[in-house]
Amino acid sequence: MAVQILEIIIFPGFLFLTVFAMIAEYLDRILYARFQNRKGPPWFQPFADFIKLVAKEDIVPECANPFVFKLMPILALASVITASFYIPMWDNKALFSFEGDIIVIVYLLTIPTISFFLGGWYSRSLYATIGAMRNLTQLFAYEVPLFLAILSPAILAHTWSLSEMTVFFNNHLWLLPFNIIGFAVALIALLGKLEKVPFDIPEAETEIVAGSFTEYSGRLLAFFRMAIDIEMVVGASLVAAVFLPFGLGLNPVLGFILYILKVVFVIFLLALLRSVFARLRIEQMMDFCWKYLAPAAFLQIVVCVILKGVLL
Amino acid sequence: MQRPGKMISEVLKHVGKTPATTNYPFEKAEMPEHFRGKLQFLPHRCKGCMLCTKDCPSEAIKIKKVGDKKFEAEIDLDRCIYCGQCVESCFIQALVMTTDFELAALNREDLKMTINEKNSPKPPAEEE
Amino acid sequence: MANEEAIKKELEEKFDFLKDKIIIPRERRLFTEPVEIEDFLKAIEYAASKMDFDILTTITGLDEGESIVAIYHLARKDGTMLNLKSKTPKENPVMKTISNLFNGAVFYERELVDMLGVQMEGLPEGKRYPLPDDWPEGQYPLRKEWKREMLDAKP
Amino acid sequence: MSKLTIPIGPQHPALKEPECFIITVDGERICEANMRLGYNHRGIEKRCEEITYIQSAYLIERVCGICSHSHSTAFIQAVEEIAGLEVPKRGLYIRTLFGELERIHSHLLWLGVAGHEIGFDTLLMYSWRDREIVMDILAMVSGNRVNYGMNSIGGVKRDISPEQADAILKAMDDLEERTKYYIELGLQETTLIKRLSGAGSISYEDATRLGAVGPTARASKVDQDVRRDDPYAAYAELEFNVITDDHNDVYGRTLVRLGELMESYKLVRQLIKNMPDGPIRKKGPRKIPAGEAISRYEAPRGEDVHYVKANGTDKAFRVKVRAPTLANLSAVSKMLEGDYLADVPIVIAAIDPCFSCTDRMAVRNIRGGATEMHNPGSLRNFSIDWYRRRGIDFTDLNKKLMKRLERV
C-alpha cells in the first residue's frame, strides 16, 4: 500500500509527470522555435512561467460562479494524472490495470476539455463563453475519430485492457504497421484535444483573446496550463503505448529510455504538424473531422477486422 | 495544385540552421555606420547661432551661453525624436549623431544631458 | 492641358456661378473658388454622374475667418482631380450631406462636424468621429480661434 | 443561442492599435459590424499649423511608423508644388527608391501579420525574418529602420553610394527568391487557401461605391494605382504593371500584395540602374508663398492624400491628411457582414489597417488624468508591499536587485 502511494505521488506518478510535462513543454516550444528559425526559450522557461503564475494573485470575476471557477483547474489536473496511472509506460504493466481500462483512459482524457468548457462558461465573460462553446463543438468532432483509432488495435488484440494489448503487440510485432492509419488519425485528434494549431480554435488568441481561459489568472491558470502540459505527455504516452508498444517489458532502464524517446518523437510530430498549418475555422474543423478523419478511422477498423478474420 | 503541409520540407530544413534571432542583451547588436543615435555636442565648434534650437521639431535641444564664445547644450533625450534635423541645420558640424542606441533609463532626469567644455571629449588635434 | 481645359469649359458652360472661378495650377489639377452650398450641390452631382468624377478622395474643412470652406477632392480614373469648394457662414455653418452620392463620405463629413462644428444635414446616425465622447461641447479644434488652453478652462 | 455583441477592441490581441469594432454575432455568424474610431488622436493637423514646414515634415513622418516615407513624401510634394521647386532628378529617384523599399517592407510585414491572424505563426516568423533584409538596407542608407528622415523640402538628405547600390541589388535577389516561395506557398498550402478564400468578400461595385483604395480595391478588380494614373516623383519614367485580381476576398488581397512585391523588386532594380548623377537636393525656402496644392501618393496600403494650404509665412495655414485606411474602413463593415467570427481578425487585417494614420487629427490632449502616477521605483515598492501583506517578503531580494542595477 505504502509503495503504491509512493508510486502515485512520486514516481511514476504526480511528481515525475509534472517535471516531465514541463520538459515536454520546453521541448515542444524549442522545436516549434527551431522550425521557425528562432532561438526559442531557455530550458527553465516553463518552470519560470509556472513559478511566476503561482506567485500571482488569483482573480475571480464578480459574476462568475466561484466554486465551479476554482474547481475546474483542479479537476482537469486530477483527471489527466489519474489517466496516466492506467497507461503502461516502460513496462508491460501499468500502475493499475483491469479489463476495460481503455475506456476509462479515453473518458478521463475527456474531462479536461469538459472542465475547460465549464470553467469558461461559468466565468461569464463574452470571450470565455464563445471559447467554451467552441471547446464543446470541437470535442464532438475529434473525440469519435480518436476513440475509433484506439479501438481498432484493441479489436485486433482482442482485449479492453491497455496493458494486455501491449503484451499482445509485443508478441505480434509484425502487426504494428497495419495500424499506421490509426496512428495518423490519433495524432491529428490529439492535436485537437490539446488545442494546438490547426485546431486551436477554442483559444484562438487573435479572435477571442484566450477563449475559456480569458478570465483565469494566477494559480488557477497555472493549474490549467499544467493540466494541458500533462495532457500532452499522457496523450503522447497513450499514442506511444497503443501504436508504438515495442520494447516494453525487456528491461526497466532500456524501457524507460525507449519510453522517453517515443514521447519525444510524438511531441516532435505534434510540433511539426502545428508549425505547418494555419488555424482552421470551427466549421472547417468539423467538416475535416467528419469527412476525412472519422472515415479514416473506420477504414482502420475495417483493416483490423479483416486482419483478425484472415490472419488470426 | 493544393496540398496540405506544403511547408514541411522548408520547416525541417531549418532545424539544423542557426537561428535568425539573437540573444539580444547578451549579444550586442551592431548598428550601421550612419545610424541616427544619441546626439553628441562638440562645444569647441559651436558659434551659438541657435539654428538647431529653432529647427528642432520637439524642442529637445537648448544652447546656452556660458562665457565668451563658450556654449553649452542641454539635450533632452526623452524629447529627442532622433530625426537628425539639428545635425542637418548645423553648418559647422558642432552636433553629430553617434551609433549609441541603448538609452533606456529608470528615471526621466537621467535622460537630460548637459554638455559643455568640461565634460565633452577633448577636441581632436587635427581641428582648425 | 487640353483635357483640363475641356473640363473647365464644360463646367463653365453648364454652371454660370463657376464662370472664371476655375483655376488650373498644373496638369491634372483643377481648383474652384468657394460657392454657395446649393450651387455646389448641383455642381458636384453633375461632376459625379456626368463627368466620371466618381472617386471622392476626401473632404478638407478650412476655417477662412468669415466662412467655413469645405473642399471636396474628386478624382477620376485618369488621374485628374477636381477640387470643388463650398462655403457656409461661420456663425451658422450648415452643409448638406453628399453621402447619397458617395457612400464613403460619411467619415469625412463626421470629421467636419467634430472638428469645425458644421451642422451636416441628412448625415446618417452613428458614433461620432474622431473626438472622444466626453469632448466639451462647442469646442471645435480646427477653428482658428481654438487654442489648447481652452480644454482646461472650466465650463 | 441568442445574439451576442462582442467588442473587438479598443484593446484586443488581434489589433495592434486601439480601435473598437462592435460585432454582433449569432452563433459564429456576424449579423452586424459597427466601429468606433478615434482612439489615436495626437493632434497632428492642428500642430502642423503651429510649427514650421521643416518641423512639420518630421511630425508628418510620424503619422505612421510603417508608411512614414509615404506621408512625408506626400506632404513635401505638396509643399514643393506650392513653392514651385524643381527637385533634382537624382533626388526624385532616391525618393522613389525609398518608397518602393518601404512598400516591400510593409507588404512583408503584412504577410506576417496575416499569418499570425489566421494562426499560421511559422509564416509570420519567416516573412518577418526576410523583412529584416530590407530593414537592414533602409537602416544602412537612411540611418534608421523606420522614420527614415530622408525627405527634405527640395530633395532628399542622403545619397546612395555605389556600394550601397550593390547591397540593395543583392538584397533584391534574395528577397525575390523568398517571395517566389511565398507565392508558391500561397497557391498550394490547403489550410492557407481554406482560411483566406471567401473571407471578407467585397464586389467590384461595392468597392468602388465605398471608395476602397490600394490592394483592397485592386483585389476586387478595381484597376487604379496613383503611381500610374497620376505619376509623381520618378514613376513616369519607370515601367511596371498594376496588379489586380478577381478573387474579391482576402486571398485575392494576399495575391495582389505578393504580386506587388515582385513588381517592387523590378522597380528597385530599374531605379538603381537608371539613377542619374547630379545633386540630390536643392535648398528649399523657409517661407512658402501663398497657395494650395493637393498631392497623391500610392502608399503600400493605398492612396495617401495630403492637402496643404500656405499663406506666405513659414507655417502652414492648413494641412490635411487622408490616410488610406480611412478610405478602406467603410468597406470593412460591408465585408464583415455574413462572415464568421473567426474571420474578423483577418478581414480587418487584410486592409492592412493603420489606425494611427487614420486618427492623426487635430488635438493634443494635455489634460492630466486624476489617476495615481507611478514611476518604476514606486511601482516596485507597491508590489513588495502587496506581497508582504500576503506573507511573502521580497525586501532582501529587491535590495540585491537594486545593488545589481547600480553596478550596471
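A, B, C and D are the chain letters, set down in written order, and residue numbers restart from 1 in every chain.
Here is the rule we go by: contacts are C-beta pairs under 8 Å (C-beta built on N, C-alpha and C of every residue); 3 or more make two chains touch, one makes a residue touch a chain.
Note that the coordinates shown come from a computational prediction; the quantities given were computed from them, not determined experimentally.
Visitor: Quick one: most central chain, C-alpha centroids?
Guide: Nearest to the common C-alpha centre lies chain D.
Visitor: Please identify the chain with the largest separation between its CA centroid and the CA centroid of chain C.
Guide: Farthest chain from chain C, going by C-alpha centroids: A.
Visitor: How far is the middle of chain B from the middle of chain D, if each middle is the mean of its Cα atoms, in Å?
Guide: 24
Visitor: Could you grab the centroid distance between chain C and chain D? Build each centroid from C-alpha atoms only and quote it in angstrom.
Guide: That gives a centre separation of 26 Å.
Visitor: So what's the Cα centroid distance for chain B and chain C, whole Å?
Guide: Their C-alpha centroids are separated by 43 Å.
Visitor: What whole-Å value do you get for the distance between chain A and chain C if each is reduced to the mean of its CA atoms?
Guide: 62
Visitor: Among the residues of chain B, which are close enough to touch at least two other chains?
Guide: Touching at least two other chains: 4-7, 11, 20.
Visitor: At least two other chains touched by the same residue of chain A: list those residues.
Guide: Expected reply: 35-38, 275-277.
Visitor: Can you list every residue of chain D that touches 2 or more other chains, as numbers and ranges?
Guide: Those would be 122, 126, 129, 189, 191.
Visitor: Any two chains that touch count here, so list every such pair.
Guide: All touching pairs, sorted by chain label, are A-B, A-D, B-D, C-D.
Visitor: Give the list of chain B residues in touch with chain D in this complex.
Guide: 1-7, 10-11, 20, 31-36, 55-57, 81-85, 88, 97, 106-107
Visitor: Note which residues of chain D are touching chain C in the complex, please.
Guide: 34-38, 41, 43, 45-46, 81, 208-212, 223-224, 226, 229-231, 291-294, 296, 303, 305, 307, 309, 317-318, 320, 322, 326-327, 329-331, 359, 361-367
Visitor: Across the complex, what residues on chain B touch chain A?
Guide: So the residues of chain B touching chain A come out as 4-8, 11-12, 14-15, 17, 19-23.
Visitor: Provide the residue numbers of chain A that touch chain D in the complex, in ascending order.
Guide: For chain A paired with chain D, touching residues are 35-38, 55, 126-127, 129-130, 133, 197-198, 200-201, 204-209, 275-284.
Visitor: Quick check on the complex: what are the chain A residues that touch chain B?
Guide: Listed in rising order, the residues of chain A that touch chain B are 31, 33-40, 272-273, 275-277.
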